[in-house]
Every structure is written in structure tokens, then in C-alpha cells.
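One chain, chain A, links the two complexes that follow: it is found with chain B in the first and with chain C in the second.
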Partner chain A sequence: MGGVQPVLKAIYRLAWKDVMADFRHRSTFSSMLFFSVAVLLVFQAAFEPDPREAQRLVPGLLWTTVLFTTIMGLGRVFQSEEENGAFEGLMLAPLPRGAIFFGKWLGNLALSLMVMVMLVPLTLILFNVTLWSRVPMLLFLLFLGTMGLTALGVLLAAMTQTARSRETLLALLLLPLVSPLLIAGVQAMAVVITSGDLSGPWLNLLLIFDAIYLALAPWGFGWLVEE
Partner chain B sequence: MKRLFALNRWLGWLTLSLLAAALWLVFTAPLDYQQGNSVRILYMHVPSAKMALFVYIALTVFSAWHLWKKSETADILAEASAPVGAAFALVTLVSGSIWGKPMWGTWWAWDARLTSMLVLLILYMGIIALRNGIDDPIKGGRATAILAIFGAIDLPIIHFSVSWWRTLHQPPSFGQASTGSTITGPLLPPLVWMSVAFIFLGTYLVILKAREIRGRRILENLETERTSHA
Partner chain C sequence: MTQLQVVDIAHRFGRRGVLRGVNLRVGTGECAVLYGANGSGKSTLLSLLATRLRIQQGQCFLGDLDIQKHAEMARQRIILIGHHSHLYGHLTPLENLIFFRDIYRLDTTQDLLVQAITTVGLAPFIQQPIRWFSAGMKKRLSLARILVSHPDVLLLDEPYSALDHAGVVWINTVIDTFQKQGGLVVMASHDPERVAALDHTPWRLDAGILQPWVESNRC
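Take a look at the complex of A and B:
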């Protein structure tokens, strides 16, 4: 095997397998989607914002919902492999461990992004906020944040997959570690909503976070699964 | 390792006498011009904050050592560090809160150092929970080590990002090269003594805990051996 291309193809295949398997029977996607709607419902019930308050709350609402929804999806990243004993098979594949990580990451990222594409307009409708011109920018920010979030998340999911009460543990580990991402994401989004300006220090922090975790998480994964 | 445990007993007595001496200095130190008696909380708060961080650094080193050399000693020391560090972090937060009410007028503020310390405490609890949650000790040790290293990378990012929301906290009490020491004169010696005593206390507690963990692992190995023979 020479060159980068076969590895890239393997990453893509792995991600595609996860997404397809999910659409066919595991249906993480639909649970994530409806879970996110349920979270919105909880927010509405808890805060009852009027449209002006809602506009101020949108960044926090979106990021919190995305965070909780992603955690739910992450809990299932390695579940089917673990249940069917396919994890060892995956590890035996003639691929660098980093490639396996990126395949898993890409599949999870794709599912999360599909949820987000529906979540953003739904949020604007349900909270009566008219920010339609900003939707592409909001999605772009969520996309940036989710890259780092799922990179760290897939690593933590691999860490906790054999643990007892794995999903609780995943949330306990993930939430404090992604707090900078959440701060940066919310602040960047607030700037976008008030001024339509997609730049500034918070966006840079988001990019730094992504770069660090996309570079380090595959390395951590390699250590983790080493026999 | 056994020799270390034997020495630890003496370390314990040394720690106790150092703490006694430092406490005597703390209670004979003059009152602060503005803070009055509540300045004495600081003699416990500052050293435990330093120790909470210092133990985390040690934990990261042990973790890296364990990953790299597959050293059981490093793994035991890493496991022993986490609860000790968590205790120091908790003491820091509680003592700071008690001091904050009369001084800042609030128990809590979302300032950079308070938030980082809180995250540090949660991280310590996460590390402990991860190790307890995984039944296979080898897998658990490795997962915990990787988590500790990622936490070490994340903590500066957290500190940096929260400090942009700034801040009520005073600048660090000592060790700031640019402004010089903000604590001077008769208030400084007790702080130095307490810091030294806390370093000994931390070391003593980690070794004590390591001894317990090593004993438990030996017992568990014997137990599996026994059941596999029966």
C-alpha cells in the first residue's frame, strides 16, 4: 500500500459504512434529531423567552442543544462494534490507527451535521426569531465547533466504551474539557447575530481548539487501542 | 517501592511538625491592614491552590511515564495522585469561597482562576471515575493516562478562554516577576512555610495512597490466582 489515497479512501468507506448502517437500522440520526427538538421544548418551558430575549438566547440555546445532542450520538459511535465483537476486526484492518479514528470521526460528524442543518431553522421557527439571513453563518460556526467537539468526543467515546455506565462517564469527561469551545462558540455566534461579522478572536479560538484536537485525538486513539 | 513506603512514615512526622510550625507562624502573624483576620485563610488557600496544580503536573508526568515505559509504579502513583489533587482543589475552592464572601461580597465569581480550578476539580473526579468504571486494570490505566494528558493540554486553553471574560481576582500573591511580590514583610514567612509544609503533605498523602493501591492490586492478583486454581 503506497500513498495517501488508499488511506483516504478507507476513511471515507468507514464513515460511509457508519452513516449507511445508521440510516438502515440503528437510527441514531432520528433519535438525535428528536432529542434536540425535545431539548428545545425544555428550554422553552424553562425560560419562556419573548422574541427579543430569544434573539439574545439563540447562541446559548443552539450550542447547548448541539452539545447534548452530540453527546447522545457519541455514546453510540463504538456501540455496534462492541456488541458484535467487530472492534477487533476493525483494529486488524491494515490501516494506521489514525485512519480508523478519522473514519469514525467523519461518520459521526456527518450525522451531527445533518441534525444541525435541521436544528437551526427549527430553532428559529420555534422561538420566533427572524435571523434567516444569518443561517449560513450560524451553520458554519456550528460546523467549526462540531469538528473539534466530535474529535475530542470520539476519543472519549473510545475511552469509555468498555466502562460501566459509559454514557454518564462520557458526559462527565466531555463537558468540562469542551468548555472553552462552548465559550468561544457562543461568543462568536453572539457577534455574528448582532453585527453579522464572521471574524474576531473567538473565531480564532474555535479554530485553535479544532486544530489541537484534530491533531492530537488520533494520536491518543492510537495509544488507547494499542495491545 | 517498599523502601519508599518505609521512609514515608518519617515523612509523615516531618510533615506534621512542619505544619505545626507553619500554623504557629500563621496565627502569630500580624493582621492585614485591610483584610483583618480573614487574611489567615489565604495561608491555606494559596498553598492548596498551588498543590492542586502541582499534583496535576505530577499526575501528567506519571501518566506519560506509564504510557511510554508501561511502568506499573507510574500507574500506581498516577492513581494515587488523583484523589489527593482533588482534595487540594476542593480545599482551594471552599476556602476561597469563605474568604470571598466578606472580601468580594460574593461566594463565587466566574473568573478565570476560579473557573479553571472548578474544571480541574471536575477533571480529577472524571479521572477517578474513569478508572473505577473500567474493570480491566490495564485498559483502565491506559485510558486514564491518556485522559490526564488531554486534560493537561486543555487546562491552559480553559484558563486562557475564561480570562477573556475577566475578572475580579487579585494578581497572584507571589512569584510575579514584573510587579514584584504583593505580599511583603511579616505576612510572607508564614505563607512560605505553609507552602513548604503543603508540598510535604501532598507527597506524603500520595505515597500513603500508593501503598494502599499497591496492596489492593497484590490482593486482587492473589484472588484471581486462587479462584483460577479452585
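Take a look at the complex of A and C:
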């Protein structure tokens, strides 16, 4: 059975399998959600910002929360593959290695985005910021940022999956590499919050980083898993 | 006629040579059984044939297809049932087979998947996540993949482990049918008594060297 459609179906099935695993075990998604809510509550209690100051703080707070929440999810991205030699089974499948990468990435992205959808309104409520009309734009920016963040993260998670302290190692590797994307995301979000303008050099930079990570990570994954 | 041909394969893990100049030819409907002590290279050879490991020296052909150069095409025609079941504990038997069907890009309908589950005797458990299945039940489910995918080549690593007597009889029937339909089997085993029911050619791997099996070197 050749063609692109079966490969897309396989990618979907891989992502579906990971999302199902999470819903049935209530593990990654609930941990990510509780962690992000806890971080926001701590920030709110620590800063107690007035609405004007809150508008200035929201981009940084949101991206910091997203970053640490995503790292938490990435640490478990290959956990389900450890059982019964499942990762070995994936490697024996007649699929391009890049397709396996995209399946894992899509599953992780879906879980991260579910958290984001809850995170943005919660942030606006907690910090008393009345920017409800800009929620779709904020979500769009987080979506773009999370795409690149998780692409690089899944590659590094594959790289560190056999390490003993893999979650620490993952964070150590990911943080410096993902900094440019985060800076672009924070700046683009600040522009959206202050002017409502979803364009400009920071958004372009975000798109460029997404393109680079999404182009290189599947290739790197294929190289990494060959023995 | 499909033929699996292994030509002068050698493999090392670091400094340790695991396989040395292995040659093997298995034709349509034939079954080659590899005997040998632990660490003699049986599983490594099967991993090379399944394209899980990159061939370091030598070549392997499936018909005219060089399996190293066209690994993705070869994987579509080869199934390896190894020590691990490659199943996901949180999925039900049916969901595991649906997952298998989709990542192997098969056209099999859901009815045929259900039929395969029934054939391997797991119909009463079709809605249960397999996490708590016994090793034998997991083995049966992983063997159901053969019924679903109809590969050209079946690679079996210790297929009788974890199976009860009925399971052994059943798997021998599956292998026998597979051979009669033109399938080609390479099996690693420590169990000549159970293999005896099959029409097969025995081989012995000793310190990475593959030789025809003779009665005097029975393991």
C-alpha cells in the first residue's frame, strides 16, 4: 500500500495511541495542567500586579509556564514505548523514520495544546487582564511556539531516553537551544497585547525557527535511531 | 519464487565479533531453524534480516531486493516476532491490531482483525486493555499479526516461549500453513522437540559461524 495517505494515517495512529495512553492513565495531561495552574498561582501571589503591570508581565509568565509544562510532557514522550519493546516494534515498521517522529511529535503537541487552551483564559482571569478579544491571537502564537518547542523536544527526548537522569538532561539540552524561539514568542506576544497586531519581525522569526526545527528534527531522529 | 539469501554477513558489537561470514539460503515454503547457545548470534542474525540492525559486512537479498538498500520496502514483507511482544498495554487487542495495521500500511478490514483475534483465542478479551494479559496471551496476540499481514518472510525468535501445549500445537499449525502458502520462515530456537513437528532445515550457530546442523552437535 503506497502513497502519502497511508503514511499520514500511520502518523495519526501513532499520535492517537499516545493521546489514548494519556487519557487512560490520566498521567501527562493532568500533570501538565496541575503544574501550569500551580505556577500561575504562585506568580499571581508573588507579584499581585495591577492590570497595567499585568499586561506587561503576561507574555513572560505565559511562555515560562508553557516552557516548563512542555518539558514535563516531553520527559514522558517515549515512556509508552519502553513497555514490551514497543519502540523496537516501531523501528521494524515499514515507515520512514521521519513519519515515526511526526507521529510522536503530533501526540505530544496535541496534549500540550490542550493545556494551552485552558492556560490562556486562566492567566487572563488570574491576572485580571481584559484582553479577551485577543485570546485567539495569543493561542495562535502559543501554537506556533509549541510546534517548534515540541519538535526540538521530541528529538532531544529520543536522544536522552536511555539516560538515567533523562528529564534533567532533556531540560539542560533543550533550554539553551530553544531560547531564540522563546524570545521571539515573548516579543511577538508583547506586540499582540500592546497593539493587537499579529505581524512583524518577531512573528517572522518564530515562523523561521518552527521551519528550521521541523525540517531538521525528523532528519536528526532518523539518524539517531539507526543502529 | 521468493528466496531469502544471506551472503557472507559479519557483524560486530564493539570489538566483539558476533557473526562471521554467515551464508544462508531459504526458499519459498521452507523453514530454517537456527540452533545455538545463548550469545551465539541467533537474535542478531534475525535483527539483521528484519533490518533493525544495519548490515556491517555482507549482503542480504529478498528475491532481487537488497534489504539493506531498500529497508522500508523489505520491512513491508518481513515480520519479526521476537522476545518482546511489541504491544501497548493500554490498548485492547483490537486497538493493538488496528495500530499494527496502520503503521504497516495494510488494507485489512476491521472484521478481519476481529477474526484474527478470534482465531488466536482472545475473542473473550477483545475489549480489555492487554496490560494484565499473561505472557502466553500476549504471545498469541503478537502472532495474530501474521494472520493479519500475510508477510513473505516470518522471523521467529524463540516462538514457543510462554506458550502452553495447545499454544505450541497452534503455532506449529500456523507456521505449517504459512509454509504451505509459500511463506518463508527463519526461526531461532532452543527447542528441537517442538520444532520437530515442522518441515524444516536445521542450522547451528556456534560462535558466530553458521553450519548445517548434524545430529552430533545437537544443543
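Criterion: the second predicted complex is superposed on the first by the 221 of 227 C-alpha atoms of A that agree within 3 Å, B and C clash if a C-alpha of one lies under 4 Å from a C-alpha of the other, contacts with A are read in each partner's own complex, and residues count from 1 in each chain.
Heads up, the rule we're going with is that contacts are C-beta pairs under 8 Å (C-beta built on N, C-alpha and C of every residue); 3 or more make two chains touch, one makes a residue touch a chain.
Source: prediction; values computed, not measured.
By the touch criterion stated above, A:Leu92 is placed in contact with chain C alone, chain B being left untouched. In the superposed model, A:Val117 lies in contact with neither chain B nor chain C.
Shared-chain residue A:Pro176: touches chain B; no touch with chain C. By the touch criterion defined above, A:Thr160 lies against chain B but remains apart from chain C after alignment on the C-alpha atoms of chain A. When the two complexes are overlaid on their common chain A, residue A:Leu126 makes contact with neither chain B nor chain C.
In the superposition on chain A, the residues of chain A contacted by chain B and by chain C overlap at 226.
Contact residues on chain A toward chain C in their complex (touch as defined above): 1-2, 6-7, 9-10, 12-14, 17, 20-21, 24-25, 80, 83-86, 88-96, 226-227. Residues 152, 155-156, 159-160, 162-166, 169, 172-173, 175-177, 179-180, 183-184, 201, 205, 208-209, 212, 216, 220, 223-224, 226 of chain A are the ones touching chain B in the complex. Residues 50-54, 72-76, 80, 82-91, 95, 98-99, 102-107, 129, 138 of chain C are the ones that touch chain A when the two sit in their complex. Contact residues of chain B toward chain A in the complex are 67, 115, 119, 122-123, 125-126, 129-130, 133-136, 139, 142-143, 146-147, 149-151, 153-154, 157-158, 160-162, 164-165.
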